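Report on one structure; see the data block that follows.
Read from first to last, the chains carry the letters A, B, C and D; within each, the first residue is number 1.
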Amino acid sequence: MTPWIGPFLPLAALIWPLLLGALTAMPPLRPVAVRLLPLAPVPALWLALAGGQGVTAAPDLLLGVTLELDDARRLLLGMTAALWLVAALAAQPMTGRPHTAIFSGFWCLVLAGNLGVFLALDVVTFYVSFAAVSLASWFLIVHERTEKALHAGRVYIVIALAGEVALLVGLIIGADAAQSMAVGEIRAALGAPGSSAVGIALLVLGFGIKAGLVPLHVWLPLAHPAAPVPGSAVLSGAIVKAGLFGLVLFVPEGALGPVLMPLGLVGAFGAALWGLTQANPKAVLAYSTISQMGLMIMLVGAGGAARETVPFFALHHGLAKGALFLLVGVMMAASGRGRRLLCLALAAAVSASVAGLPLTGGALAKAAVKQGLADWSALALSLSSVATSLILIWFLARLWQMQGRDEALWGARFALPAALGVLAVTGPWLLWSAWSGHGPDYLFKADTLIDALWPVAIALPPAAAVLRWRLPQLPPGDLLLILGAWRGRAVRIPAPLSLRADADGALRAARRNSARLEGILIRWRLTGVLIPLLVLLMFALLP
Amino acid sequence: MSALVAVLVLPLAGALATVALPGRAARIAASTAIAATLAAALALAAWVAARGVPRLEIGGWAPPVGIAVEADGLAAAMIVMTATVMAAAGLSARHMLAPGAAGARAAFGFWPLMLLLWAALNAVFVSRDLFNLYVGIELLSLAAIGLVAIEGKAAALAAAMRYMIFALAGSLLYLAGVVLVYAAHGALDAGLLTDRTPARTDGLALALMTVGLMAKTALFPFHVWLPPAHGGAPAPASAMLSALVPKASFVILLRLWFDVMPDQATEGALALMAALGTAAVIWGGLAALVQERLKLIVAYSTVAQIGYLFLVFPLAGGASAEMPWAAGAWNGAVFLALSHGLAKAAMFLAVGQWMAARGGDRLEDLRGIATAMPMTAFAFALSSITLVGLPPSGGFTAKYLIMTSAFAAGQWGWALVMAGGGLLAAAYLYRPVAVIFARAEVPDSPLPSRGRQVVPLILAGAAVALGIASAAPFDLLSTGRPQAAGEGL
Amino acid sequence: MTGLLPIFILLTSLVPAAITFFLRQESYRLRNALNLGGAVVKGALIVAMLVAVAGGASFETAIPLAPGLVLLLRIDALALLFVSLSATLWLLTTIYAISYLGEKPEQSRFFGFFSLCVFATTGIALSGSLISFFIFFELLTLSTWPLVAHKQDAASLRAARGYLLYALPCSTILLVAIVWLESATGPILFTDPPDLSGVDPASLRVIFALFIVGVGMKAAIIPLHGWLPAAMVAPAPVSALLHAVAVVKAGAFGVIRVIYDVFGIERVAELGVGTPLAALASFTIIWGSLRALQQTEIKKRLAYSTVSQVSYIILGVALASPFAVIGGLAHLVHQGLMKITLFFCAGIYDERAGVRSIEGLDGLGRRMPWTSTCFSIGALGMIGLPPIAGFVSKIYLGIGGLQAEAPWVLAVLGASTLLNAAYFVPLLYRLWFREIAPDAEADERAPALVGPAVAAALAAVLAGMLAASDISPLGWATLISERDYLE
Amino acid sequence: MTGPTLYALTGAALVGIGVFGLISARHLLRRVVAFNLIGSGLFVFLGAAGARGGAADPLPQALIITGIVVALSASALAVGLVVAHARASGRPALPEEDEEA
């Protein structure tokens, strides 16, 4: 048996975090487990930067693991690795708090899964990675073990498990249709005319849950705020992208477009507006995430060039959203007016980028995807920026409301989101030409600028209004509130079918009767007559 | 050849000796006789297996005037089984006869009766002369009745009396049949009768003999005498009575229906016998299920097991005789008789030891006896396995053969009787097994030596071994077997 | 020599059994040495046989019992799979049992029947003819009874009685089926499927049903499952034996034999009895899970989960499409590994923390990390969570279902996964996230108990991680199905 | 009516009487007597059967003598049992038939 074929780095990028995770379980390391976390994504980051040619195969692992790195995968891998690295650094203050060993262990597991999703070429590896992401991240959510966190965890695990099942069944259908385990062939087979729509539907269900596709998003606003800040950052920045990438990988070009696009738009606008009813800035960010993911899902649905450029969009959103979440943490650690203003400023800058203010990374991302869109959907995209600006302004307001107390190493803490922010705003510039096919000059054309600017401008008056006249403040979990809070219910089942291992009644009856018959037979009077009778009977029967 | 004579003469001589000699010497004489006969039996079996069927015409007079005895495979197998059971019973007997005056009389009467019984059994197995068979089973009954009554308790005497009535009635019916046969053919030798010219009275004669033998075999509905008799006798006596005595009359039935008058067999008659057998299986099972005394449970299980034996007739007799499946049924029946003999003896001997230890055989008395006497308990469990017909055991092999031939013959009903009977057996044997293996703190009176505890285990082991190493016994059975049991399936 | 190898393998468990019965309670060392020795030697012999078979050797030993009764021992790939599974698990269970029983009374009886049980199981695996299969099958029934009744208290005796109440009628039915079939075809050897063309389809269907009832009882197919949850009163090693090593497995194995070596796939297909069986198995899967959901006792919950899990195997072989067969066969091993882990852990919780009910699990994760980790692995594997073995079976069964044009199988798999999660996740939650009662006594200072659990858990994980390699259960199952069944 | 026929009929009659007695009588001693009647009847019949074609056949004689011996011993044991049973239970009939005996 050969351990692996092809470049080793991709395999190492997956195994390394797992090893670290295992290490964190070692008693001596448990207290300082968090210190190991920044090391985990390093190989992956290196891989993303160095790039890798060719397929890595480990024929004996699982059902034969195969990994590869193309441009989209590389982009997302890099974004994920970077985000996880920064988040890990941001998590350092947790050292010494209770349960950090478990937290760290599963942190590594989720990371490995998250990277695996972007590297996997075969469906089994993909499924394994995806399962690791969605189920292990439960531990990130419930880490605080507050009642809120546990409730969020309950909701999450139920929905996530349902998603896993849908995914498994969908993938099985795909694998059977394709007679192969390769992701590409499965997508092709599912796209082929006459293939079962059930498979695609199940896949969309499974990935949509993770990607926060409306109406499967209900867990997200509960879970993301519940996790500790670094957790929220990776959840909202990187993990949701796993679901998105799943859609990109498996849902055939054009299939379900009419379903995905409207749902995406509903998410994009609905979530943004609902976010205005949230008090907790993390919840607001969670809703903004749903809204952004809605956009990306719409793009996937739209297909064509838009679909191709989704990773570019995802890159920006991941970094930016990570930065914003981390900023919430930094804000909590700041009391001085200066520091709080600094946070606000940075948050404003990143938000502006997300909203797509001209010349920001966000604007580039939107410009890149727009050119693949039909007019009406392009318009929708622009309009969504209005909603985005609205909710982000609301976020800034909520952020400013937060009161924190000073903590050590504030500078270092602030540096992390700052780095991410810078990356988010400037990163897209580096990749622009590669992903849009236009030169930088395209960005400075007037209509591009206008196109990016007017939505934000339109957003200002309503934003002011919202700040002036508050919307009713609601707890997170929109649809759940409508459906009524989720409660565990014991399953009621009729009594079991099983034989009774007891026959005493029958025994008593039998005893009585047998005694009676025996009493009759034992009388010679009777038997003595029986004998000749039997002789006659026998005689009659014989020739 | 001489072994054939020995198995007949030695026990008789022993019987006489034990009557003549005073107590201690009598016991020694008995032991020697037992040992010698056992040896002779084994020798005979070896002889038969090696050189075929020995035939002895007593006094050199050939039939019809003289009397011929011959030991075919069936006879040899039965004789060996008898010898084993007898030896075992003898080993455990001296310690099991009740103490006191009754015990003394028992101790005096036991050995002669036992040896007489043995001689009669062997005689029945090897005789080829109908009248000789009559004498044999008559002696058999008398000795058996004596054994039942040996302790002289009122209940035992009543049981013996009842047994007596049935036994005498049976033998008289048989005698009547014999008389008719002689009147018709002027010959009584099986060999001569086989190729006789059938006469009108043959049917009546066969009917008379069959019913008479049924009464002696305690086939339902003539089983009523058996449970009180076997339940009342001392354990070793019950062992012999239950394991051996019914087999003798059954063997005669086999000879009648398969050797002497196969031509007389009709579907109806055969079915009637099997039907009675079925009734016995069901009735014996149900009755055993509801008994409270262990010895009665075991006795009723004998009733049920006898029922199985009669299933052979429709499967191997009459029209089926020529069919391939007849062999399976015939072998199965004989095998069942053998393994049942061993297992049942083991059971009674085990129960006897427990009664000695606990002073009673009600299930409640025996709770938890397994902890005190594991080997006997294990023996009982093994025997139960054989009786239920679970593999690996002689009982299973027999059951399998009979069921297969039943299905092959398209007479599924009988197969289902076997199956259902097995379940019934499981049900009524589970109660005692569960009780003796249950946990209970009961002070046990001094236990019999391990050496004696192992005796039932050996018997039970033999019964199980019959199922595992059944090839040799089958070869033995196949020597000189009636053509109804030629190779088949 | 080669001809005798199967017999030697049988003897490695028969001889210890025979001797153990006569040992005194006090002679712990000798008894343990005997049993461990037997287990180890058996393992060695099996390895030897594996090597030989890989080299193309074949083993066959026939012991004639009676006309039409031949005790035939032979080795095929399937037999090897089963026998090596049971041998491995037997070794683990023996180690576990020795430590578990400690100074408890009646050990000679226990270990005697224990070895006898494994003897019977090995016999079942190696038997090459229907009748020898039946003989060992019954031997298994009988040797299990004393183990279930081992504690000799009212509950145990009731459970044991219930067990026989199911086992004996079903074995009778099995015997009827065998006899019926063989009376038409003559003795049936697994080496060459008998020619059933002589028997009319109607009665063949009946016979098939009888067979399924006969062996399905041991596989705890609903409604023949009642004995299994009741039998959980027995000591933990016995539960392990029942659920993973011997009894339930023997039942599933029997179903495989009946379908593939007695009737043959084609015959089963043209009789149209496969689908009903698959449906029954599916119903069992769902119903078992639902029942498990209601149980508040750990071992009871595990027992019902066995009821449901074992039917995966039957489902697979009943669907009879290539992937389904592979999935079913692989699950034979996977379920064994995972379930034995769970029962080991349940036993440890009982022994070291006195915990029998689910409530008691609160916070044990901290106090008993190794045990709880193994338990979690087993549970997650049952749910079908990658990379633990369970998910491999699920994937194959699913694809197999589609190949067999039975898409509803996917629904069954999905539902059962959710249900498994529903009855396992709360346990894990209690283990890791509840706070332990302050006065609770709990530790896991019992290496001989924890060791086997860890080993089994590890095996379960590896079976999933390395599924694609040739030596994995999956690889093996593929080999079997290619060599024997899907030519 | 020739001799043999007469004998045969006598035997048959004896058997008939015996059977009637055997079934009707409760008293054990009577049953023993009934047995003997039947037995003797059969022997007479056997003797008659032996005299076929005038020439006396030696075999039946032997059989009859043997049979008588056997019957005698049987009767002896039977009577002994009856007495013992009567002594032990105080009644000359079997317990289940005891009511009017």
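We take it that a residue touches a chain if its C-beta (ideal position, glycine included) is under 8 Å from a C-beta of that chain, and two chains touch if they have at least 3 such contacts.
Everything numeric here is computed off the predicted structure, so don't read it as measured data.
Looking at the partners of chain A and chain D together, the chains they share are B.
Looking at B-D and B-C side by side, the one with more C-beta contacts is B-C.
When every chain is reduced to the mean of its CA atoms, the largest separation from chain C belongs to D.
Legend note: the chain whose CA centroid lies nearest the centroid of all displayed protein CA atoms is C.
Averaged Cα coordinates give chain B a centre that lies 27 Å from the centre of chain D. Note: centroid distance chain C to chain D, computed from Cα atoms, is 68 Å. Distance between chain B and chain C, defined via averaged C-alpha coordinates, is recorded as 42 Å. Centre-to-centre separation between chain A and chain C, using Cα means, comes to 37 Å. Among all residues of chain A, those that touch two or more other chains are 522, 524, 528. Multi-chain contact residues of chain B (touching two or more other chains) are listed as 162, 165, 169. Multi-chain contact residues of chain D (touching two or more other chains) are listed as 22, 94.
Annotation, chain-chain contacts: A-B, A-C, A-D, B-C, B-D (touch as defined at the top).
Residues 1, 59-64, 102, 124, 127-128, 131-132, 135, 142, 145, 150, 157, 161-162, 164-166, 168-169, 171-173, 175-176, 198, 490-491, 493, 496-499, 501 of chain A touch chain C in their complex.
Considering their complex, residues 64-65, 131, 134-135, 138-139, 141-142, 145-146, 149, 152-154, 157-158, 160-162, 164-165, 168-169, 172, 175-176, 179, 182-183, 186 of chain B touch chain D. Per the touch definition, chain D reaches chain B in the complex via residues 15, 22, 28, 31, 35, 38-39, 42, 45-46, 49-50, 52, 57-60, 63, 66-67, 70, 73-74, 77-78, 81-82, 84-85, 88-89, 94-95.
By the touch criterion stated above, chain B contacts chain A in their complex at residues 162, 165-166, 169, 173, 202-204, 206-208, 210-211, 214-215, 221-222, 224-225, 264, 266, 268-269, 272, 283, 286-287, 289-290. On the side of chain C, the complex with chain B involves touching residues 21, 64-69, 109, 131, 134-135, 138-139, 141-142, 146, 149, 152-153, 157, 160-161, 164, 168-169, 171-173, 175-176, 179-180, 182-184, 186.
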